[in-house]
Each structure stands twice: as C-alpha cells, then as structure tokens.
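Consider the two complexes below, in which chain A is the common component and chain B and chain C are the respective partners.
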Partner chain A sequence: MKFRCEREALERALGLASRAVSTRGGSLPVLSGVHLALVGNELRITGSDLDLTISVGVEVAGDTDGITVLPAKLASDIVRAVADGKVEFAVEGEEAHISAGRSEFSLRVIPADEFPQLPEPAANAVQLDAAVFRDALRQVIPAASADDSRPILTGVLMAAESDGLRLVATDSYRLAVRDLPGTSVLTGDESVLVPSRSLNELARVLDAGAELTLRLGEHDATFEMAGARVTTRLIEGEFPNYRGLIPASQPNRLTVNRELLLDAVRRVRLLAQEATPVRLIMKPDILELVAVTQDVGQAHEAVDASYDGAELTVAFNPDYLLQGIDVTGGDEVTLETVDELKPALLRMVGSDEFLYLLMPVRVS
Partner chain B sequence: MRLVIARCTVDYDGRLTAHLPTAIRLIMVKADGCVAIHADGGAYKPLNWMNAPNRLREEEGTWTVTNPKGEKLTIAMEEVLADSDHDLGIDPGLQKDGVESHLQELLAANPGALRHGFRLVRREYPTDIGPVDLLCRDDEGNAFAVEIKRRGEIDGVEQLTRYLDFLNRDPTLRPVRGVFAAQEIKPQAKVLATDRDIDWVVVDYDELRGIESDELRLF
Partner chain C sequence: MPGAATILHADLDAFYASVEQRDDPSLRNRPVIVGHGVVLAASYEAKRMGVRTAMGGSEARAVCPGAVVVSPRLEAYAEASRRVFAVFDDTTPFVEGLSIDEAFLDVSGLRRIAGTPAEIAADLRARVADQVGLPLSVGVARTKFLAKVASAVCKPDGLLVVEPEAELAFLHPLPVRRLWGVGPVTGEKLERRAITTVGDLARLHESTLVSILGPAAGRHLHALAHNRDPRPVVTGRRRRSIGSQRALARRPTSRVDADAILLGIVERVTSRLRKAERVARTVTLRFRDDDFARRTRSRTLLAATDATEPILHAAQVLLEQHWPVVEQVGLTLLGVSLTNLTRDATRQLVLPFGARPVDENLDRVIDDVRHRYGRTALERATLLHRDPGLSVPMLPD
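Entry: the complex of A and B
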C-alpha cells in the first residue's frame, strides 16, 4: 500500500474512525487499530469495537492498492503532530512508513487478516434531512442514560408515528421526545433502539448540508453520508412505556424567555453544590431561583415571567434542568407543573415537536 | 457528652477568622474534648468545631476553646436554654451494611430486581464445589445461576464460571446461564463476564432496601 495525501484530510478521517476504536482491549487486540484499505485513489479508514463502526473515505493520490491495520491512537497522534502539507504513507512488510516534511515515522502494523469482517449494510435505504436529524439528536441524546447496568435506557428509541418518526430517550429522571413529522423511516408500530453513544458519534460526523441515508437491518443500523458511514448494533429489549408518563394536562403554567432562564439557572447553579437542587419559586409575573449549599452560601435571582396557577416551589437537579432548557429551543419556553413532586413538562412556545419531562427533587 | 443549647455568637480565630452572629445553636462537648457548634440543619456538619486536643475555659458568659496550633474559638453565651450531660458509654463502632449476605437476602426476596420475570428456585443452590448464591428461572423456565458480590471483580466472574461448569452437567437444569450481580462492577469484570456470555447487573442496595432517594424518578 502506498499513497500521498493532505495531512488535514488524513487527520480528520483518522480522528473520526478512531472514535469507534475499542479502548477496553478485550478479546480482539486488532480492534485497537484502524483498518486502512486503498483502492485506486480512494482510501477508506475504519474503526470498530463491534458495537459501533465508523468508516470514513478520503481522496488520496494512490500509488499501490492494499490493506493494513495501524495502532489507532499512535497513527492519529503522528498525523496530528506532523507539519501541514503532504503526508506520504507506505507499507513495506510489517512496517508502515509515514513521512511529512522532514519527519519520518515507522510503525509496526497489526496483521490485517485479524480484522473482523464487518456486516454489510441492509439494502433498504431511506433518506433523512441531515440538519433536522442532527438537531433532533442534539435534543434527545442528553436524556439517555449513561448507566450500562440498564442498557435499554442507554438507547434512543426511533419509533414510527402516524405522521412520521419519533425519537425518545429517558434515564428515568427525565424524558425527551422529539417528533419528526413527514420523516418515514419505519412503518406501522415498528421501532428500533439505537445506542445513544453511536448517535452521539453520528452527530459529530454529520455535516448539516449533507445527504443522510439510513439503512435499517435486523440487528444493526447504518447511517451513510458523504464519505462516511456509521454502523451501530441495535439494542434488543423493550423500551419503557413512556407514553403513560406524559401528563395530559397540568394546572400550573409558567412562560419565560428561554435565554434569560438559561442564564439565570447557570448563575444560580454555582451555589447548587454537593448535589443540592435549584428551587424554582413560581409567582404571578415573577420566577425566583434559589440555590443553597450548607456551609458554602446561597444564590438568588429573579426572572420576569408570566405564571398562571397556584404559587408553587419546585426543585430540580440543576444539570438536568439546564440541559432541558438548552435543548428545548425557541425564544420562549413553558414549564407546566402539577405540584412539587410530579413531573414538570418543558416545551417551546409555539411548537409541539419537542417535549422534555423532568422529575423534581424532593426538598424539605 | 455535654449538650448545651444556647443563644450565642461564635468567633473563630486561626487560619482565618469567622463569625457566627447571634442565634440559638447546639454546642456539643464530647468526652474526648471535641467541641462542635451545630445549627438546626446541615446534616452532620457543624458550623464550627475544634478537634481534640484542646483546652476549654468556661467563664461567666464566655467559653474559650484553644488548641496547640494557636486556634481559638470564642463562644459568647447570651442565654443558655438547656445544659445536660449524658454518659454514652463505649461505642461499638460503625457496622457497615451492604454486605453480600444482606444483598443476597434482598435479591432472593425480590429476584425481579435482577431481571423482569425472574423467580427464585433456591438460595445457596448446592454444586460439587460449593453453593451458588441464587438459582432462578425466567418466564420461559430457563435456569440462571446468580453470583452476588458487594464489589464485582474478575474473581467473582471466575467463581461463577466454575459454578456454571458444574451446573451445566445437570441434565435437569441445563442450559444454565449466569448472572453476576454487585453494587459496583469493575470494567474488567464486565468485559470478562460479557466475553463468557454471563449477564451482569449493578444493583442499587438502597433501592432494594426501599430507601427513598430525594431524586425522584419517572418510573
């Protein structure tokens, strides 16, 4: 294998593919490497931990076709470190040579025949609006759980709705639901559960202007966009019945400017240390935010708001609240509540496409 | 243990200076000499304190606590509301819970916490090399051997692997799958368990005991 290419393009491709590389070692040491395959002028770089595979194509000046596997971190570090401009790459025997400017590196390669055969993407393909899909991912991914002991909750549910596609994520403390009307990916009552980690990586790769193609297989999903492919194993199991959690109506309704609320929570959160919550005191025309950390101090801020309902104080985990306000979008948001112990519903004013349901924290 | 409830001000002078304005507080003077000033809140943490060794000098309306580092705590008593002494005797020490036997007991009483549909066949199910913690069956009658640890490490997975080897020789049980349950599981143990097709479950001890967290859940 021998080729020449721009350092920047190679660095980007290696960096993206390396994000799927297994960092835990495991039973297949070859998975700590990135797989490089050169055919003509197209170099394809692939990293995988078998659950997630990221494959990125780069246009190069090819000399000799071939395949090899390089230690992922070292190869990325070298390409990132060398001078800008052309990088020359050649494999001879069991060594890869990387040279750029006056730098030369030789690296022991990993036998390429040990790299597992990765599944071919399913034939059925549907097109998605990349910008809309990326926006939807940004809204729901934070609500997915990072706790591997409940794998179902680490996934994002993609489910068919009568008028399109719905994305749902929950870690049992909050629930994020985003509807994508007019997006037909699944039909009937079909749904799949996609690891949020994979979708997070997809969101990084996804270029807003790009065409996005989704191929759903029985056990995996493949997202294809210009030059890159992200394949993820699907999570098997039944997602919680989230529909029953969404209240039909709530008597108290606070309407507030989203940016003002976001900034106020950010400031008050400074005094919500040691897992203490932020209290929202809702009164007509005013929202007060209070955080108290024993032996440290307290913060108080008032925000103009319109409030329809009984005077109420509800406390929330500040990080969960902040993430919810951040991803809800729009100029104004509403926070609908029943009492201090029931879930609160956060929405953007004038849009029903996204909702964020958040459980309060009990305070004395 | 001497307990004094008093309206007082407190001044600390040492590495820094701190002032507690007038309020009613609880002053604890422990048998070992520690002095701690508590408010009616803030869990276990005193507002101010002076560890032993120290010297407590009581004068009319003022207590002064000093220590060899030159730190000084001055408590100005405005009104003493209660002052009592209690002999607490010798403390037996902290008995930490979360032990494996209690976890085993709790999971035996509620095997569904491990997996929906699990029912208990027997605790301490015997094998030729010792008993496995729990033997359960799922909705479809499949057998599962459960090994329970407080901290899940590679050794525990190895132990469960040996039990499974013996249990799978029993034609009335096989195939028997393994479930490795612990309060926390090391990443290496998770990898080894997954590699051996053993499920692992992190169990929440407080939740099993029914202790309510302040952080409420949707489900």
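Entry: the complex of A and C
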C-alpha cells in the first residue's frame, strides 16, 4: 500500500474515523486501530468499536493498493503534528512509513486480518435532507441520558408519526420531541432506538446540503453520505411511553424573547452552585430569575415577558433549562406550566415541530 | 505564615481496643485484638508485640500468642465516638471530623475564654478521659499537617505542642514516611536516593522532586517539607460524604458473596443518607487488595438521589467493571461512599412515566419498619441467612 495526499484531508478523515475507535480497555486490541483500505485513488479509513463504525473516504494519489490497520491515536497525532502539505504513506512488511516535509515516522502496523468484518448495510434505502436531519438531531440529543446504566434512555427513538418521522429522547428528567413531517422512513407503528452517541457523531460528520441515505437493518442502521458512512447498532428494548406526558395545553403561559432568556439564565446560573436550582418567578409582564447558593451568594435578574396565568414560582436545574431554551430555537419561546411540581412545556412560538418538556426541581 | 499554634489534631488511641479495655477491666494492660478475622484494632500492648491493624487473624495470633481476641461492638464504638465529638464540639465551634476517631479543632480566639492552645489541649484530654474514659492524643501546631504529625509522634496518650519557632527543628529529623502522601512506594523511591528524613527532602529543589515523583506528588511533598500547608480547619458545612466499608478475609471472595456484601453496605449507607436528609450524586467503591493497596472507582449519577435502587445499580456496575482486577489482586475490603451531597430539600423531579416500579416511598417504608422493629425485621431475600458482617461508619452522621 502506497499513496500521497494532502495532510489536511488525511487529518480530517483520520480524526472522524478515530471517533468510533474503542477507548474502553478489554475489547479486541485491533479495535484500538483504524483500518485503511486503498483502491486506486480512493482511500477508505474506518474506525469501529463494534457498536459504532465510522468510515470516511479520502481522495489520494494512489500508487499501490492495499489494506492495513494503524494505531488510531498515534496515527492521528502524527498526521496532525507534521508540516502542512503533502504526506507520503507506504506500508512495507509490518511497518507503515509516514513522511511529510523533513519528518519521517515508521509505525508498527496491527495485523489487518484481525479487524472484524462489518455488517453489510441493509438494502432498503430512504433519503433524508441532511441539513434538516442534523438540526433535528441537535435538538433532541441533549435530552438523551448519558448514564449507561439505563441503556434505553441513552437512545433516540425514531418512530413513524402520522405523516412523517418523529425523534424522541428523554433522560427521565426532560423529554425532547421533534417531528419531521413529510419524511417517511418508517411506517405504521414502526420504531427504532438509535444510540445518541452514534447520532452525535453522525451530526459531526454531516455536511449541510448533502444527501443523506438511511438504511435500516434489523439490528443496525447505516447512514450514508458523500464520502462517509456511519453504521450503528440499534438498542434493543421498549422506549418508555412518553405520549401520555405531552399535554395539549397548560393553564399558565409565559412568552419571552429566547436570546434574552438564554442570556439571563446563563448569568443567574453563576450563583446556582452545588446543584441548587434557578427559580423562575412569573408575574404579569415580568419574569424574575433568582439563584441562591448558601454561604456563597445570590443572583437576581428581571426579563420582560408576557405572562398569562396565576403568579407562580418554579425552580429548574439551570443546565437542563439552558439546553432546552438553546435547542428550541426561534425568536420567541413559550413556557407553559401547571404548578411548581408538574412538567413545564417549552416551545418555539409559531412552530409545533419541536417541544421540550422539563420537570421542575422541588424546593422545600 | 503568621499566627500561633492554634490547630489541634485530636486522635483516639487504638480506638476500638480502648473501648473494649474501658468496658471490661480484665482486658486492661493486656494485649487486645478486636476482630476474629482481620485485625480491626489492636491495643498498644498488642501493637508492641507487632500486631498491626488489617493484619490477618492467624498472623496476629502468631506474633502475639497471648492476645485476647474480642468481637467488635460497633454500636459501642459509635456511641463512644458521639460522646467524644460532643466534647470536641463543646470545646470550639471549629471542629472538622476526619473519621470516627479523629478530628481537627481550631482553637484560635479562645485564649481569653479557655486559655492557651496547650491548656485547651490538656483540658480536652482530661475531659475525654473523665467523661468518656478513653485515652486521647493531641498534637498542636500552626498547620493541620504539623498537628497531625505531632499527635502521631506523641502517641499513645500524649500531648505535643509544636511552637512556630520550633517547627523546622521538629519536622526535619522525622522520617520521610511521616509525611502525608508518602506510602511504601514513594518511601522506597526516596530512600533509594538516600532521602530518609524530611530534612533531606527539604534540601532538594522542587524540580528535582518532581522529576523523581511526578508533578503532583513532587510539589505536594516539597510544600510539606517546607512546612507550607495553608488549609484551614473546615467546618460550618455539613459533611461531604457518607460511607461504610467492610473488611474481608484474605481468602478469595466469590462474586456472589461480593454482590451480597455490596448490597448490604449500600442498604446501610442509603438508609443513613435518608436519615441525614441528604441526597448524593456520586457513588464511589473502595477496594483493598490482598497486599493492602487501595483502589477506588466512582460514578456520578445524572441527578442526586437518596433512593437505594439507583445507587445500588451504580455500585453494581462499578463492581462489575472492577471484578477482573479483583480476580488478580484479591479483595480484603469493600466499601461504598456517597459524595456530592446536597440537602434533599431540593430534588430534581422525574417525569411521570406511568407507574414507577420502585418508588422512593418503598425505601422510606423499609427504613421505618427497621427503625421500629429492628435491623433484621425486614431483609432482602438474597441477604437472608448471611452474616451481616461488620460495617464501620466512617464518621458520625
């Protein structure tokens, strides 16, 4: 195997593929490597931890076709560190040689035949708008759980919904639901549960404007786009029944400029330390935000808002609140509440495609 | 570093063994070992014969054949500890408990009311002896570190004041292993380079120490050797952790036994957590190997809780992850500590997904039944007919 290419292109491809490389000890040693396959002028770089596989193509000046596996971290670090310009790469026997400028590295390769056979993507393919799908992913992923001890909640539910696709994520403290009308991927009451970590990586790889193809298999899903492919294992199990949680409407409704609210919460959060909440005091035409940390201090800020309902104080985890306001989008948002113990509903004014349901923090 | 020597480190001598000798006059002046398996505590008479805490039972009996071995009475120790801490709290508002049997006390500002720190320390020892009947050693210095070293040097039943002008003269002749953070490995690294006293250490440049021990340990020891320890006595805040641990025999522990022991410990600490009206976010498992090296693994939950279920789950995941290591290095102690504690007055509520199978009320009902009818009134099926084992609270709640 031998080729030349631009350092920058190789760095990007290695970086993306390496994100799927296993960081956990104890798995197959070969999975700490990235797989390189060269055919003609097309180099394909693949990293996998068996749950997630990222494969990225790079255009190179090919000399000799071949296959090899390199230690992922070291290979990425080398290509990142060398001088900009052309990089020459060649494998001879058990060593890979990387040279650029006046630097030369030789690296012991990992036997390529130990690299696992990756599943063939399913045949049935559907097209998605990459930009829309990426934005939808960014809206729901923050609500998914990062706690591996409850695997179901680490997934994003993709489900058929009346005339389109619905994405749902919850960590049991908040719930994010995004509808993509007109996007038919699944039909009837079909649904799949995709690890949010995989979707997070997909969102990084996705270029706006690109065509995105989704192939759903029984146990895995493959996302294909120009030059890259992301394959992920699906999570087995039943997603919690979230439908009953979504209220049609709630008695108290606050409407506020999203940027103003975002900035105010960011400031007040500075004094919400040691897991103390931020309190929202909702009064006609004004929203007050208060944070008090015992033995440290307090913060107070008023934000212009229109409020229709009974005067009410509700406390939230500031991070959950901020993420919700951030991903809801739009110029203005509404926050609908029942009382200080029931879920609050955050939406963008003028759009029903996204909702963020957040449980308060009980303060006694 | 201005100021006078006003920090006291008060440390009960051979705590469990002293309680046994106090309560049973026939044990006084005799070597006493607490714990039929691993040695939990040894009286000074036994220590002189070479018995050490955490030694295996048969080894301890071999070095000290005349020792009286008694079963531990944790209730009695917890009660004694509460009474000693009451004396501490009565002495100064600034008490920082370190464990069930030691604490730092800051007595600055009490000179007019209660006398000099040396007088307060002598009075403290007399009151603990009179009111609780236990020997207490007290070190007095300007820094926590020196106070702790001083109490260790003056043990048993001693008092040592390190006056500011005598600090370096006190510190520098001490063996390096007296320093906080110098265990067997670091000690050997230093001694191989003929660095045996704190004075030897102090003569080295910080960068030399960093090159021998790495940046964190190097800087830490350099500062200590030069008597720099600005940490104040921390009080006023509630305790930062709730934990419990259990010493295990040196024979291999099966996975099933480890799971059962873990369950027992988690049930105890979560019950104490609820009693203290706290919620915890971080679960740490503590392990001790066959060679007594310690290891920890921890996991932070998404939200603070006082429910047994999620804390147990996190602990089980940690044990599972660590088990391959246990199979290689053994397990002589298993402990759980809960940190990142906050008042349970603020609690992140959970979305009402239908009926929850295990709810928080169940824990409270179990606590209540056990409180009314005794610890064994309600038991998990997996723990039935198992020795509840010794679980030692690390600090009075």
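A few points about this structure:
Here is the rule we go by: the second predicted complex is superposed on the first by the 363 of 364 C-alpha atoms of A that agree within 3 Å, B and C clash if a C-alpha of one lies under 4 Å from a C-alpha of the other, contacts with A are read in each partner's own complex, and residues count from 1 in each chain.
Basically, a residue touches a chain if its C-beta (ideal position, glycine included) is under 8 Å from a C-beta of that chain, and two chains touch if they have at least 3 such contacts.
Because the structure is predicted, anything quoted here is derived from the model rather than measured.
After superposition onto chain A, partners chain B and chain C are found to clash with each other.
Once chain A of one complex is fitted onto chain A of the other, the partner contacts of A:V361 extend to both chain B and chain C. Residue contacts after overlaying the shared chain place A:A146 against chain C, while chain B stays out of touching range. In the superposition on chain A, A:S48 contacts neither chain B nor chain C. Considering which of chain B and chain C touches more of chain A, the answer is C.
In the superposed model, A:S18 lies in contact with neither chain B nor chain C. In the superposition on chain A, A:T222 makes contact with neither chain B nor chain C. Shared-chain residue A:T334: touches no atom of chain B or chain C.
After superposition on chain A, the chain C segment that clashes with chain B is 99-107; the remaining candidates among 99-107, 225-233 or 369-377 show no clashing C-alpha atoms. Residues 26, 147-149, 170, 172-175, 240, 245, 295, 317, 341, 343, 357, 359-363 of chain A contact both chain B in one complex and chain C in the other. Here chain C touches chain A in the complex through residues 236-237, 281, 301-304, 310, 313-314, 317, 324, 340, 342, 345-354, going by the rule given at the top.
Contact residues on chain A toward chain C in their complex (touch as defined above): 26, 145-149, 170-175, 240-242, 244-245, 274-277, 295, 315, 317, 341, 343, 357, 359-364.
Residues of chain A touching chain B in their complex: 24-27, 147-149, 170, 172-175, 240, 245, 294-295, 317, 341, 343, 357, 359-363. Those residues of chain B that touch chain A in the complex are listed here as 41-43, 45, 47, 185, 187, 190-191, 195, 200-202, 212, 214-219.
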